[in-house]
Amino acid sequence: MEAKEIIARRVAQEIQPDTLVNLGIGLPSLVANYLPNDVHVFFQAENGVIGLGARPPEGMEDPDLTDAGGGFITAVPGAASIDSAVSFGLIRGGHLDMTVLGGLQVDERGYLANWMIPGKMVPGMGGAMDLVAGAKQVIVAMVHTAKGAPKILKECNLPLTAKRRVSLIVTEMAVIQPTEEGLLLKETGPDASVDDVISATEANLIIRGDVPRMRL
Amino acid sequence: MKHAIKAEDAAALVPDGARVLIGGFMGVGSPHRLIDAIVARGTKNLTVIANDTAMPGKGIAKLVSAGCVSTVIASHIGLNPETQQKMIAGEIDVDLVPQGTLVERIRAAGVGLGGILTPTGIGTLVEEGKPKITVDGRDYLLETPIHADFALISAYRADYVGNLEYALTAHNFNPIMALAGDTVIAEPHHIVPVGVIPPDSVKTPGILVDHLLERQPDGS
Amino acid sequence: MEAKEIIARRVAQEIQPDTLVNLGIGLPSLVANYLPNDVHVFFQAENGVIGLGARPPEGMEDPDLTDAGGGFITAVPGAASIDSAVSFGLIRGGHLDMTVLGGLQVDERGYLANWMIPGKMVPGMGGAMDLVAGAKQVIVAMVHTAKGAPKILKECNLPLTAKRRVSLIVTEMAVIQPTEEGLLLKETGPDASVDDVISATEANLIIRGDVPRMRL
Amino acid sequence: MKHAIKAEDAAALVPDGARVLIGGFMGVGSPHRLIDAIVARGTKNLTVIANDTAMPGKGIAKLVSAGCVSTVIASHIGLNPETQQKMIAGEIDVDLVPQGTLVERIRAAGVGLGGILTPTGIGTLVEEGKPKITVDGRDYLLETPIHADFALISAYRADYVGNLEYALTAHNFNPIMALAGDTVIAEPHHIVPVGVIPPDSVKTPGILVDHLLERQPDGS
C-alpha cells in the first residue's frame, strides 16, 4: 500500500459519527475516500460550505462551489453556505470537531510547523493557524520523513503554526500521540517495526509495552 | 435607487494608490469584470486586501501581473508564484495575516470596533509587534481594524436598491467586505427589480452599496 | 400646533433623501409622518429591519415583524431583515446616517442623558448608547422643559448616554446646534421668542444676529 | 440527524442555576413553548442573558414572574415593571449592557474571541471596571465574552440536520446565540425534510444545534 493511502485509511478511523470535520488540501483530503459508508459526518471547506460533497460529474461543475483548494465540489443534502466570518467563527469558536492537516515538522511538545520555510517558500498560513488554534482535535497527516530526513523533531526549527499541542500524528510508519510527557508511540505502520520508527524520528518516543500495528 | 454603471466607469472611480478590499477565494466570488477594467485602465500602486491572489491568469492575479499592485494583505499567496517572485524581488510588499484574523479585522473596521482579541497566532511570528492581552487566564493578540477606501465585491443577485444575495462558496469575504469599504462597488451576476429579493434573503443591505455594475451587454 | 407635532415636523426637515435613518420609540417615531412624499429614505428598526414600513391594516399584522417598541409594522419593497449583530454593526460602524432620539437632559457640551434616573427609573440603555456613539448624525427630539424645569442644562446631572456631542437639539421652542463653543440657537419655535427660549434654558445659549423662526 | 423532542423533555435538560441565552426582542422571536415548559417545571436560579425581559405575560417575562430567574443580563427592562420591582427588592440581579455590546459579547464567546473593543459606553457608567484601550488615537472599552450553558432560541424553519432559517425581525439575537451556548435548543415553527432548505438560506448550520423542539401536536 502506498504511504498516502496508509495514512488516509488510518486517519479515517479517527473520525467519529455526526461530527464536523475539516480536511486540509492535498494528502488530508484523501481521508474522505476511506470513511465507512455508515459513518455520517459533515465536512467543512473553510472557504464557505458545511456539507462538502464529492467531485461533480464532468460538465456539472458549478463555478461558485469549490473547496479551499479551488477544486469543484458538490454539496450534500443539508449543506449550508457560510461566509468567511462564520466559517472561521466556527473554527475559532470550538465548533469544529476535527481538522486534519499536513505538516512540515512536529516536535516533542506536539507543536506543528506547516506554513513556511523562511527564504524558500512563503505560501502564507491561510486558515492553518486558526484551524490549529481552534479545532477540538488536530490531526497531523504526513509522510514520516522528507527525503530521508526526520520531520518529527525534538524542537521545530521552522516557524510554528500555533503553540498548541496537536492531538495525533499519523504517518505511514506510526501513530503518535503527543502528551504532556512527550510523544507516545501508539501504533506502528504495516511495514514498520518499533526500531524503524525510532530511527526515522529525531524526537524521543515514549514506548509503553508492546506497540500494536495499525489495522487498516 | 441606483443606476447600474459600466465596468470601465466603476474602474475610473478607483485612483492610483487606493486601498481596495477585493472579494473572492482563489478567484471564486471575485469581481472579474471590474478587475479586468482596472487592468485595462492601468491603475497603479494599489494596496489589495484579499484572502489570496488567486492563481496566474485568474482574478486578483491579473492585477498582480499587470503591475497594478504595490502591497498585498492576504492570508495565502501559495498558488500564485508570481506574487511570491515579486515579493522576493521587492516589487510588492506582502503582509500575511491568518485567514480568520483577516476577516475579523475587516469586520471590525466595518462594524466600528477598535479591534478584537484572538488566540490565533499566539506563540508564532504573527504576534510580532502586537499587544498581548490576557482574559480569563488565556492569552490573546489584539488585532486592529483594516479599513479601506474601496470594497470591490461580487454577488449572485442584486436589486436596484443595492441589496445583495450570494451563492454557495462565492460568499466568502464579500458580505464582510461590503461593510468595510468607504465606497462599495458590487458586481452582481443578475440584477432584478426592487421587491424581487425577499427581505430574509438579503445578506448585504443595499444601503451599504454605492455602485452596482451593469450586467454584461449580452445579458450573460 | 401641539409641541410634539412642532418637533416632529421640524426634525423631518433635517432628513436627507436616500439616507438610512433610525427613529427612537415615542416622540421620534412621529417624524416619519411628516416626511415629504418625494423624499425617499430607509428607516431602520434596530431590532432587525431596514425598510420599516407603515403600520399594517388591522388583521394583516405579522407577529414576526415589529419595530423596536414591539409595535406591528410592514416592510417596504427593497427591505432587508438583519440580525442584531448586523443591525448594531451598521449603527456602530457609521453606516447609519441619522438617529433621532428622545432626551432627558442635554448640556452645553452637547452631551445627552436619556437612559436612567438613578433610584427612580432604570429601564436600561437598550440601543441608545450604540446609536449615540455610532450614528453619523444624532438629533435629540424632546419637549423643551419637564414640568417647567429646564432640560437643557449647563451640565447633565443624570448619567450620560455617551460622551459625544450631538448634532442638533429640536424642541417645540428652539432648534439648537451644539458646537465647540457651546450651544448655538439656530431657530425659535412658532410661539417662542428668543427671551422665552433663554428663560426656559439653563445652559448658556450663543445668539448670533437675528434668530429666525421655524418654518413648518 | 436529530429527532425532535417534546418541550417538557427539552426543559428537563436545563438544570437549576444554569446560564441561559434566550433569543427574542420584546417577545418577538423567543422560544415560547420552551419558556412555558420551563415555567411549568419550576426551574430555579437561572441566569438569563437576553436583549430584554419582554412585557408582563409574554416570553421571558413569564420566567421572571414564575420566580425562575435570579440574574438578568440585558440591555433593556423598561417595558417590564416586574423585573424592575424585583431588581429594586433585591430578588433579581440585573446587569445592563448596551445592546450592540451585548450582541458582540455573545458573538465573541461563540466565535472564540477573547473580547472586542467598542467605543460604546466610553464616558458613561458602563465603563466602570473595564480596561480602556487606545487604538489609533481613539478610546475603546475592552468588553469580554459572555458564555452560557444553554442557548434557547426560536427559528422560522428547521430541517432534521438542525439547519435553521429565521423570519423578518424574529432574527434578532437568535443566530448569534446559536453560536454561544454549550447546548443549543431550537424551537422552530416548521420542520422540513433534509434538503428542503437551500444551502444559501441556512443562517444557522445544523452542526450548532443540539436539540430541536417538535412541532405542536396539532401541527400549528
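Each chain carries a letter (A, B, C and D) given by its place in the written order, and its residues are counted from 1.
Here, contacts are C-beta pairs under 8 Å (C-beta built on N, C-alpha and C of every residue); 3 or more make two chains touch, one makes a residue touch a chain.
The shown structure was predicted, so the numbers you read here are calculated from the model rather than taken from an experiment.
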Interchain contact steps from chain A to chain D (minimum; 1 if touching): 1
Inter-centroid spacing, chain C versus chain B (mean Cα positions, whole Å): 35
Chain C and chain D: spacing of chain centres that average the CA atoms, whole Å: 29
Cα-centroid distance, chain B relative to chain D, in whole angstrom: 32
In chain B, residues with contacts to at least two other chains: 104, 107, 111-113, 118-119, 156, 166-168, 199-200
Multi-chain contact sites of chain C, meaning residues that touch two or more partners: 49, 75, 81-82, 85, 88-89, 91-92, 134
Overall pattern in which the protein chains touch one another (line/ring/star/complete/other): other
Every chain pair meeting the contact rule: A-B, A-D, B-C, B-D, C-D
Residues on chain A engaged by chain B in the complex (per definition of touch): 45-49, 62-70, 75, 81-85, 88-89, 91-92, 122-130, 133-134, 159-164
Interfacial residue positions of chain B with respect to chain A in the complex: 25-29, 51-52, 55, 74-79, 84, 87, 94, 96, 98-101, 103-104, 107, 118-126, 156, 166-176, 203
Residues of chain B that touch chain D when the two form their complex: 104, 108, 111-119, 133, 135-136, 138, 140, 142, 144-145, 156, 165-168, 199-201
Footprint of chain D on chain A - complex, ascending: 20, 40, 42, 49-51, 75, 77-82, 85-86, 88-95, 134
Chain B residues within the chain C interface of the complex: 1, 107, 109-113, 159, 161, 163, 179, 194-195, 199-200, 202, 205-208
